[in-house]
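Quick heads-up: structures coming right below.
You will see two complexes here that share chain A, one where it goes with chain B and one where it goes with chain C.
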Partner chain A sequence: MTASFIRSDDFAAFVTAIIEAGPVYGPVAKRSRFAFARLETPEELRLDYDVSILPPKKLFFPPAQDLLQFDEAGFRAPLEPTEKVLLGVHFYDVKAIDQTDLLFSERNYDINYMAHRETTTIVAANIQTVSSRAFFASVGADVQPKGHDAFLTAIAGGYVLETLTERGGALLKFGAFQPATDAQLKEAAAVNAAVLEQCPEKLEHGTEAIAAKVRAAFKNEAMWTAMAADCFSCGTCNTVCPTCYCFDVHDTWNVDQTSGQRTRYWDGCLTEDFAKCSLGEGACENFREERATRFRHRMMRKATYLNEKLGGPACVGCGRCSAGCTADIADPVRIINQIMAS
Partner chain B sequence: MNHQCHWTEVENIFLPREATIVRSVQATPTETHFTLKMTDGQPIEYEPGQIVELSLFGYGEIPIGIASSPTRKNTFDLVVRSVGRVSGAVTALEKGQSVYVRGPLGRGFDLTKLRGQDVLIVAGGIGLCPTRSLIQYILDRRDEFKRFVLFYGAREPGLQLFTDDLTMWRTARDVEYCETVDKGDPSWSGNVGVITTLFPQVELTPETRAVICGPPIFYRFVIRELDMIGIPRENVFADLERRMKCGVGKCGHCQINDKYVCVDGPVFSFADVQGLEEAF
Partner chain C sequence: MSKPKVAFFDFTCCEGCQIEFTNYGDAAFLELINHVDVVEFREAMSEKTTEPIDIAFVEGSFSREADRARLESIRERAAIVIAYGQCSAGGGINALKNHQTDYRQYVYGEDAEQPHLDSQKAQPISAAIKVDYSAYGCPVNKYEVLQIVFHLLHGKEPVIPNYPVCVECKRRETVCRFDEGDHCMGMVARAGCTAPCPAYGVPCEACRGFVDHPNVPALEKVLVERAGFSQKRAAEKALMFTAIDLEATS
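What follows is the complex of A and B.
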């Protein structure tokens, strides 16, 4: 690991140089909010963003991705990953990427995600603005982000760039970096520590206590029914979540009616048909028919089911689901704190 | 990143292989029995109880249990019930046409737990298809198993599957075969009633290993009978069905609490899933 410093005045030239070298994705303004998008100029980059509308997983796990294409001659995988830089990822989103990295590579290694992931250099960045529903400081606090190649922290007069991998180190040649001083490193550490004090929401208990109590609350039907009473089954809480990775797969024809594609699309366990099976003669069995059962499944996934595998909860406290839910019932902090208090 | 392999060195788990239909029989008004051969001549290696993702380009992919035993080489059987988009398109196919398969996928029957034991198989409706892989296996390696009892329940006589097999099993000495239909017709002289009505007809010991597969409601009733015989739940194996998309433990559709039917199953020991609230 090396730590370097770049002056604010030199930063735009650095971003320009990496944009010229290959595609760079970073947070940009989208009306009053922010989204990860391909950067054309350094001015577009908004490292002061609070949270992106969709998480950066969309680069590796696109909302719609062709798994194969077919025509009369046969079929093929259209996978053609390109080297790219993903710049400005907040640490909670790096933690989420660490989770999807594990989940897509374990047991059956999924090349459709992993190819895009392995060709990406991730530069994390410190959180300059805390979003209105964030609770990243109190969820899975003992799990550290690890999938990034470098970490950028804004300090007085410039940025400290800590490079952690070869890929990260390769960025240094694009800018006027000099070794960071101890004082600069200390300042960066203080900046990153300070942001942890600023979350507007907070879980009141540790990961294990939460996991045990949420799991034990499974059969509290009345509670789940009440919590989910206003749910529209829209699936927004799944779509915006950086750790959700469920998908649907279907085939479509092109207009020629001989060629087409098999595509996977983001899906969400809150949607009505997610667990529905056709049995024939019009009969079907929906294994999570009541919205309360789907609502409960999401919380079980976030707070308990995957903990052992992931080493922590499958929620990183970004607050996207809380802010995205029209009915404002999806906030894990409220749900968990209510269960813990019951 | 902290994982071992590199994407260029790994096979794409979503790419299927072509299989040719060598035989296609309309088994019931809605079910077609296919015999398939891998087009490249390389047979799939599978265990009884495993599944494949069967697909037709432009329609989609569906999970289907393999209905034949690996002891019968080169070809394999699938029975497809027409219930929707993909299955409807597949059941219309004929001999000589191609389908695509990925697999085998999932965990089949744990033969190490069945060998040397009395085995009871209880199959309801289309549940006979995946269990047929085990039935054939046992019949082909008969001396590896002790007593073999098979219960099969169909809704009506006209909906019975594998009628050639049934004719054979009715008189066979190496299987004690009992069958029932929920609703009889004038041609039917056999047992009428739900599958549990077969239990009083055969004396079963608590040492028996039981394999059960049927529609969702069937499990609750059958397990009650098995409990009454005193068969411990770790010796009961259930073949479960859930909505599936990927078949490889990623898409999330097939979950029962934190288990994935496509990779942890579809065959589960009852003891392993009975604590899961979403299982039965």
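What follows is the complex of A and C.
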């Protein structure tokens, strides 16, 4: 692990150099919001972004991904991972990627996710602008971000780059880095500590207390029904979530009727047909037919069910679901705080 | 399997969805007719058929009692009936008149009382005959239509989304219309179009109708509270492309 400093004036040249060396993905402006996209110039990079519409997970687990292509001769996997840099990931998304890394590699090692993940150098960055619904400071506060290769912090006059892995260290040759001073490191630590005080929303209890009480509220049907009254079952809270990882798989044929592809798509447990299962012979059953049971299921997954496996809640406090829900009923802080107060 | 016989029929509609079927481009269209035998399709051929059909694409809403017999005859001859396009699948834009009383005078003026203009409420064809599958949209998504046909060719159930357009907007990372101070119907609108309208900065008008169980009260609430609609405009917004009884589906 090393700590280096690069002056603001030299930063664009560094970004240009890594862009020339291979694909670099970072936050860019998209109308009034931000999205991770492949950078063409250093000017596009918006390290002052608040939160991206979709989490950077999409680089490893795309919204639609061909798993195989088939024709009369057989089938092949179209997977062609390339070395790339993912630049500017906020720490809450680093925590989320660490979760999906585990979920896609334990037991069934998911090559379609892991091949993209293993060819990615992740450079985290400090949060310069806090989004309107963020609560990253109070959720799973004892879970440390890990799995990234370097961490970039904007300080006066430049950036501190802490490299954590060999991959991260390999970036240093692309820029005019010099060893960071103790004062610069201290300033970077202060910047990253200060942002934790700026979240507009806050959970009032710790992970374990929340997990216990949310689970105990399972049978409070009246409460869940009231909370879900305005739910559209639109799945936005799932689709924008950095820790959601469910998918559906479909086959499609090409017009020749002999070739085609098998594609997986992001799925979401809030949508009506998510839990619809075949019973055989054309019959089917939906085991979460009511809005309220789907709404409840999401909170159970985020606050309790996965905690043991993940070592913390399956929520990182990005606030994407809260901001994305048009009916504004998906905010985990409001839901959990209401349960805790009941 | 020998090539299935495919025929197109139209009722109250603009026939735009049938035109979509000719828009695949030469190569794809010519390849497609290697796999299906088009026996009636007045947009592109003059032949007609009275023989049994494997797949009948029926465009247009059921808006005249006089059309019932023709619909029943198609149903009797066709192994599979596909409600083709929003007019047929959900009543479509024709159903706007279901909520008006003065449309004949307004549209036809002094000719308003001519007998051939006499019609009933515009309804999906399922009000008259059993429908096996629906290709939603105004117009249909021609790529989805291809996949419906391909699934049937392979003896599979076509996959038709029952999730709303929000899913497809998020998958392509479109900025939400509500975040831009606009309105949208995407939360209740049936997906399958890949959400092109919001991606180009235009609200979803739910031209594929609604998901099976749209939360219409919540839609009206959000249109009032977040888009600044009047209660009346919010309630009417839900009626643009659908003749479905909203009370019954919520």
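Quick notes on this structure:
FYI, the second predicted complex is superposed on the first by the 338 of 342 C-alpha atoms of A that agree within 3 Å, B and C clash if a C-alpha of one lies under 4 Å from a C-alpha of the other, contacts with A are read in each partner's own complex, and residues count from 1 in each chain.
Everything that follows uses one rule, which is that a residue touches a chain if its C-beta (ideal position, glycine included) is under 8 Å from a C-beta of that chain, and two chains touch if they have at least 3 such contacts.
Fair warning: this is a prediction, and the values are worked out from it, not measured in the lab.
When the two structures are aligned on the shared chain, A:250 is found in touch with chain B and with chain C. With both structures placed on the common chain, the touch criterion links A:230 to chain C but leaves chain B unconnected.
When the two complexes are overlaid, the chain among chain B and chain C that reaches more residues of chain A is B. In the overlay built on the shared chain, the residue A:269 is in contact with chain B alone; chain C does not reach it. Using the contact criterion defined above for the overlaid structures, shared-chain residue A:171 touches neither chain B nor chain C, since it reaches no partner. With both structures placed on the common chain, the touch criterion links A:70 to chain B but leaves chain C unconnected.
When the two structures are aligned on the shared chain, A:124 is found in touch with neither chain B nor chain C. In the superposition on chain A, the residues of chain A touched by chain B in one structure and by chain C in the other are 250, 252-253. Residue ranges of chain C in contact with chain A, taken from their complex: 28, 31-32, 35, 146-147, 150-151, 153-154, 159, 162-164, 166-167, 170-176, 178-180, 184, 186-188, 201, 211-215, 217-219, 221-222, 226.
By the touch criterion stated above, chain B contacts chain A in their complex at residues 1-3, 5-8, 10-16, 30, 55, 57-61, 81-84, 87, 100, 215-216, 241-243, 245-246, 248-253, 255-258, 263, 277-278.
Contact residues of chain A toward chain C in the complex are 30-33, 35, 53-54, 58, 63-64, 229-236, 239-240, 250, 252-253, 255-257, 265-266, 268, 271-273, 291, 323-324, 326-327. Within the complex, the chain A residues that touch chain B are 67-68, 70, 75, 77, 79, 81, 101-105, 107-112, 114-115, 117-118, 146-147, 218-219, 245-253, 260, 262, 264, 267, 269, 274-281, 285, 287-288, 293, 297, 300, 304-306.
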